[in-house]
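One structure is given below, represented as structure tokens, and several questions about it will come after.
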Amino acid sequence: MDLALDIISAILLAAGTFFVFAGGVGVMRMPDFYTRMHAASLTDTGGAALIIAGLLLQGGLTLAPVKLLAIFLFLFLTSPTASYALVNAALLSGLKPRARNETGAPLPEGEALQPVTRLGKRGTNTPQDNTGKAAAKQPAAKKAAAKKPAEKKPAANKKAAKKS
Amino acid sequence: MMMEWVYFGACVGILVTMTLAVVRGLIGPTIFDRVLAVNMFGTKTVLFLAVVSYLSGRPDFLDLALAYALINFIGVLAVLLFFQSREVRRAAEAEKEAGK
Amino acid sequence: MMTIVFSLFLLTMLVLVAVAILRTENLFTAVMLSGIFSLLMAANFFVLDAADVALTEAVIGAGISTVLFLGALALTSEKDRSPPVGSWVPLISASALGAVIIYAVMQAPRLGDPNAVVHNHVAPWYLEKTPELIDVPNVVTAVLASFRGYDTLGEVFVVFIACMGVMSLLGRVRPRKDSIKLTEYEERSRNLRHHLIPRIVGKMLVPFIVLFGLYVQFHGDFGPGGGFQAGGLIAAGIILYSLLEGDWRGRELVPEWFTSLMVAMGALLYAGVGVVCMLKGGHFLNYSVLFEDPIKGQHIGILLVELGVGLTVTGVMITVFHAFARRGVR
Amino acid sequence: MTLHDQLPALLVVVPLVTAPIAYLLRAHGLPWAAAVAANVTAFIIACALAATVYGGETIIYEMGGWPAPYGIVLHIDALSALMAMLVTGASAAALIFGAKSLADEVGEEIAPSFFAAWILCTAGLTGMVITGDAFNIFVFMEISSLSTYILVSAGPDRRALVATYRYIVMGTIGATLYLIGVGFLYMATGSLNTVDIAARIGDVTEVRLLLVAAGFITVGLALKAAIFPLHSWMPNAYTFAPNVVTVFIAAASAKVSLYVLIRIDYAIFYKNIPNHELQLALLLVPMGILALFAGSMLAIYEKNLKRLLAYSSVAQVGYIALGISMASVSGLTAAIVHMFNHGLIKGGMFMAVACLALRYRSVNIANLAGAGRAMPWTMAAFVIGGLGLIGVPLTPGFISKWYLVLGALEKGGLGAVLVAAILLSSLLAVIYVWKVVEVAYFKEPRANAVPVEREAPLVMLIPTWIVVLAGLWIAIDSSMPVTMATLGAETLLGAR
Amino acid sequence: MELLGLYNYFVFAVLLMVGLYCILARTNIIKSLIGLTIFQGAVFLLYISMDKIDGGTGPIILEGAPADTIYANPLPQVLILTAIVVGISTTALGLAVAVRIREAYGTIEEDEIQEMDREQ
């Protein structure tokens, strides 16, 4: 029984580590901030869940599984929220997703000045797709993100006008 | 004994990922990439600590991992607020320019 | 063996990050990297069996310190305009320092050497006598609060002074932003209320963070934790609330007079326990005289003293954060 | 335990407990009153302790009731009692003196934290003086330095902020270097108690660790004490701090770091590192001589009176460093007595400066023309202090220089050079003191200057003259500091 | 292997150098303060490296732990616990001063401040 548990938890841990590592590679290799965020945020949650599940099976002292569950809950809640907050901040500050149009030429407003990588060359992504990926987990994120820059500038301008 | 090696392997895997995150933090290129790196690094540290506390046979040290998870979140929100206030400052500066 | 592998990874990253901090010209980047630096440091402490220190470094170094740096950055500037090449003095003094240290540490005992002098004098006494004299499982807490309680008392006063200093520096000119009606955009820039998801998730977490802080406070005798860590965590909870709802709402939740009172009362509680010990005929901070049974006296003494530490640290961290946040948009 | 047994702890505990209370007092004048009460009490306790140890015994007080290498002990002998008297006395005198001036300079809003910081500064300095634990010194050093930062930053000029910032950076580097030194000591001996370290250090084979530990501790403390090339933070901090704060920190703060330097170097390293005298001399003699000349020259060319006195402090610290480097009873006695006397002299002079600043609203020497006639008592106090800096007989400065010359003469050939340096720098002191006297007594005030007719208020004059007279009394009957310093020097060098 | 056992101390030396250089060479106040935290962090590393014993574990004595368990040295941990708090206190104070300097001078570059003071 113990051995079986051990094997299951070993598999879970290995899978989790793989996910985590894949996320790390993604963060290194992806062409721009939004795609990197996509790699990081998905594997952050998934890998963490697997690793913690692996540890849970090992039991340990009485309080340990409770704490593990708490950690899992925390990560599960905070990690996507943090990703959302970050993407939102990036969009607010005017960082445009790097993207290509239908013909494969880069869009003029692409800001991430990375050497073109294989992923980037596929060239089918439209800007909308790109943001959509990052914010896919939270529909509201997309809405908020799309709305913010539009309403921010007028507000700032209005203020400027009033003061001067 | 087998489990220890599994833990050890997991630790090394997480450590390598942490290194990747650090490298991303170092090369940027945008500041958001750096924040992303910090956030990711924090999450990986949580996992690392959790696994190490099992590896060393002291699961009572899981408190630490919990605390890290919390702190990490607060850090990201602080960054978000910082970006907002920066926008305001920029607007104010633009206004000053316009005033001249 | 494993420790060495982990240390190799962590320490090498530490050096990389430190050099990157030195080289970057963007202060925001430097602050982010110093957050990573603290996390790395903390992970390294954990690998070296110093769980209490790792917790403190994570909460205070990586958490509160980063928040304070960001608060200060928002009030100053983001660009480091240092001239790229300065005088030779820093380079020479830094290299001399490094050379001297490397010269010395060649004679240091290797990491984890059980025959090192530090492990064979004083320290074994603590490990051996703590169960007998104080009877708390966490030896670090025993040494911190009782054997070297006088140091910790000094420490509480150090944070107390820092709080007073920040208040006297940043509280002097009261920005009248609170009374004037803020423009919509200005007001928005000081909270995260319009970010629905972080706001809801964050507010949900606040009570749990405070609860966890209390757990760390009162569980410090048995596991890693104690007043410093708990103070940092509870303050982090309040700071989270202030970030989400705006700092003025944070100040409504814990008003300034209240935090000031906490700070002063925590310090007084610690010193007061010592004075009571004196009145009962013992030495200053000798908790054994508090009760008939010296061990019970030690327990109560440590509990009260840690409470004092927790109160002061919580109050100080909240006050300092609010002092920066209140300085507001200029 | 009787009250008398508890005195060592009370010396620190009374100020510590008063500080939070003072911080909570919001009413006008109350924080100041609390600070005065705490400091006067501490001064009385210090005097009582000094009376107890005057015969040469040592008081050991175990904090928390834990015995020496495991717990922290307070360690009080003649030397530490003398220093405790200096610190608490200077603090109490400056506070009483500053009743009016502080109300003027320090805003109502920050008064509670200002006075609480002042109390804690005293507590930190006395804590450093009486503790017998190397790490505990660090903790109390931080208490005293952090509170000094607050005191300095309360200065009216915006330059006070920059001075505070430099002070923070340099002070923290100094404290951290000290901490590294203690770390190496701990690594080599496994203990933190100074007596225990001294007992165990003989068995240590890793000489490099000890050497480097000694180096770090010395440099760290030299930075805190502003010995010459490491003094850069000090002149501006003295100049832009509120006048009364300058009185206090000039009289007490740097001296305590020097005291710790003496204590650790002699109690721990001197007996156990071969040729430590030579190393100390190699480090401190050049630093001391450079300090004498550089400090005096900078003072001669300085136009701001407060900064002039600050540079003069750099020079005077040079004398103390020379005394320390001699590693003989007369040299150490000279160093200790000079710490005490210089505290008195500089305290008195800065008090006079504060009086001048109150009336003239400026500390530029050029603006003080005619002060000799307008404020005769203040200027007389200043001149007596100036004579003390020069080392004229019948002033306290003479006593310490006398011992210093005696110590130097014991050294033979090198000693003659030292004597020449001491005499030459005294001549330089004549120049910079004369510069002030000339303007104050012999120059007509500028036509467009606002004429100052009134002498400083009595609340300020009386404490100033008490300090000046105490200095003169010490000059005539120097038995108290000299006995205690000799006792201290003999204990430190004793068990060689 | 011998040198590997001293790796912690070498890193300590390097961090001290980086920290000191950052403090002294950079004229930006906040950058210097970050350097100060690195400088202090290095010292924490020195102390904590001393507390490790091979095969040891954190110094929390649990009931039921085998009698021959080796515990790490608690003393350096206590010292550093206090030192960390000193560090954050200094940093907070330094940052507050930096904010005030920025308000008074409009810059946080030391060389520019020096120039302004000279003009005065």
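For reference, chains read A, B, C, D and E in written order, and residue numbers begin at 1 within each chain.
Assume contacts are C-beta pairs under 8 Å (C-beta built on N, C-alpha and C of every residue); 3 or more make two chains touch, one makes a residue touch a chain.
Here the structure is a predicted model, which is why all the values come from computation and not from measurement.
Trainee: Measuring centre to centre with C-alpha atoms, which chain is farthest from chain A?
Mentor: It is D.
Trainee: Round to the nearest whole Å and give the separation of the Cα centres of chain A and chain E.
Mentor: The separation of the two C-alpha centroids amounts to 32 Å.
Trainee: With centres defined as the mean C-alpha position, give me the chain C-chain E separation in Å.
Mentor: Chain centres of chain C and chain E, defined by C-alpha means, are spaced 12 Å apart.
Trainee: Could you grab the centroid distance between chain A and chain C? Build each centroid from C-alpha atoms only and quote it in angstrom.
Mentor: A distance of 30 Å separates the two centres.
Trainee: Quick check: what residues of chain D touch more than one other chain, meaning two or more?
Mentor: Answer for chain D, listing residues that touch two or more other chains: 135, 139, 142, 146, 149-150, 153, 180, 186-187, 192.
Trainee: Could you say which residues in chain E touch two or more other chains, in rising order?
Mentor: 16, 20, 23, 29, 50, 57-58, 60, 62, 75-76, 79, 82, 86, 89-90, 93, 97-98, 100 - these are the residues of chain E that touch more than one other chain.
Trainee: Spell out, as numbers or ranges, the residues of chain B touching 2 or more other chains.
Mentor: In chain B, the residues touching two or more other chains are 18-19, 35, 37, 56, 58, 60-61, 63, 66, 70, 73, 77, 79-80, 84, 86-87, 91.
Trainee: Give the pairs of chains that touch; include all such pairs.
Mentor: By the stated definition, chains touch in these pairs: A-B, A-C, B-C, B-E, C-D, C-E, D-E.
Trainee: Which of the residues in chain B come into contact with chain E in the complex?
Mentor: Its residues touching chain E are 56-58, 60-61.
Trainee: Taking the touch rule as given, give the residues of chain C at its contact with chain E in the complex, in rising order.
Mentor: Contact set of chain C toward chain E: 3-4, 7-8, 11-12, 14-15, 18-19, 21-22, 27, 30-31, 34, 37-38, 41, 44-45, 48-53, 56-57, 60-61, 64-65, 68-69, 71-73, 75-77, 80-83, 86, 89-91, 93-95, 97-98, 101-102, 105-106, 108, 110-114, 116, 118-119, 122-123, 126-127, 130-131, 137-140, 142-144, 148, 151-152, 154-155, 158-159, 161-162, 165-166, 169-170, 222-224, 228, 313, 320, 323-324, 327, 330.
Trainee: How about chain C: which of its residues touch chain D in the complex?
Mentor: Answer in residue numbers: 100-101, 103-104, 106-109, 116-123, 125-126, 129, 146-151, 153-155, 157-158, 160-162, 164-165, 167-169, 171-172, 260-261, 263-265, 267-268, 271-272, 274-275, 278, 281-289.
Trainee: Considering the complex alone, what residue numbers of chain A touch chain B?
Mentor: 6, 9-10, 13-14, 16-18, 20-21, 23-25, 27-28, 33, 36-37, 40, 44, 47-48, 51-52, 54-55, 58, 60-61, 63-64, 67-68, 70-71, 74-75, 78-79, 81-83, 85-86, 88-90, 92-93, 95, 111-114, 152, 156, 159-160, 163-164
Trainee: Which chain C residues qualify as touching chain B in the complex?
Mentor: Touch list, chain C to chain B: 2, 5-6, 9-10, 13, 16-17, 20, 26, 28-29, 32-33, 35-36, 39-40, 42-43, 46-47, 49, 51, 54-55, 58-59, 62-63, 66-67, 70, 73-74, 78, 185-186, 188-192, 195, 198, 202, 205, 209, 212, 216, 219, 222-225, 229, 233, 236, 239-240, 243-244, 329.
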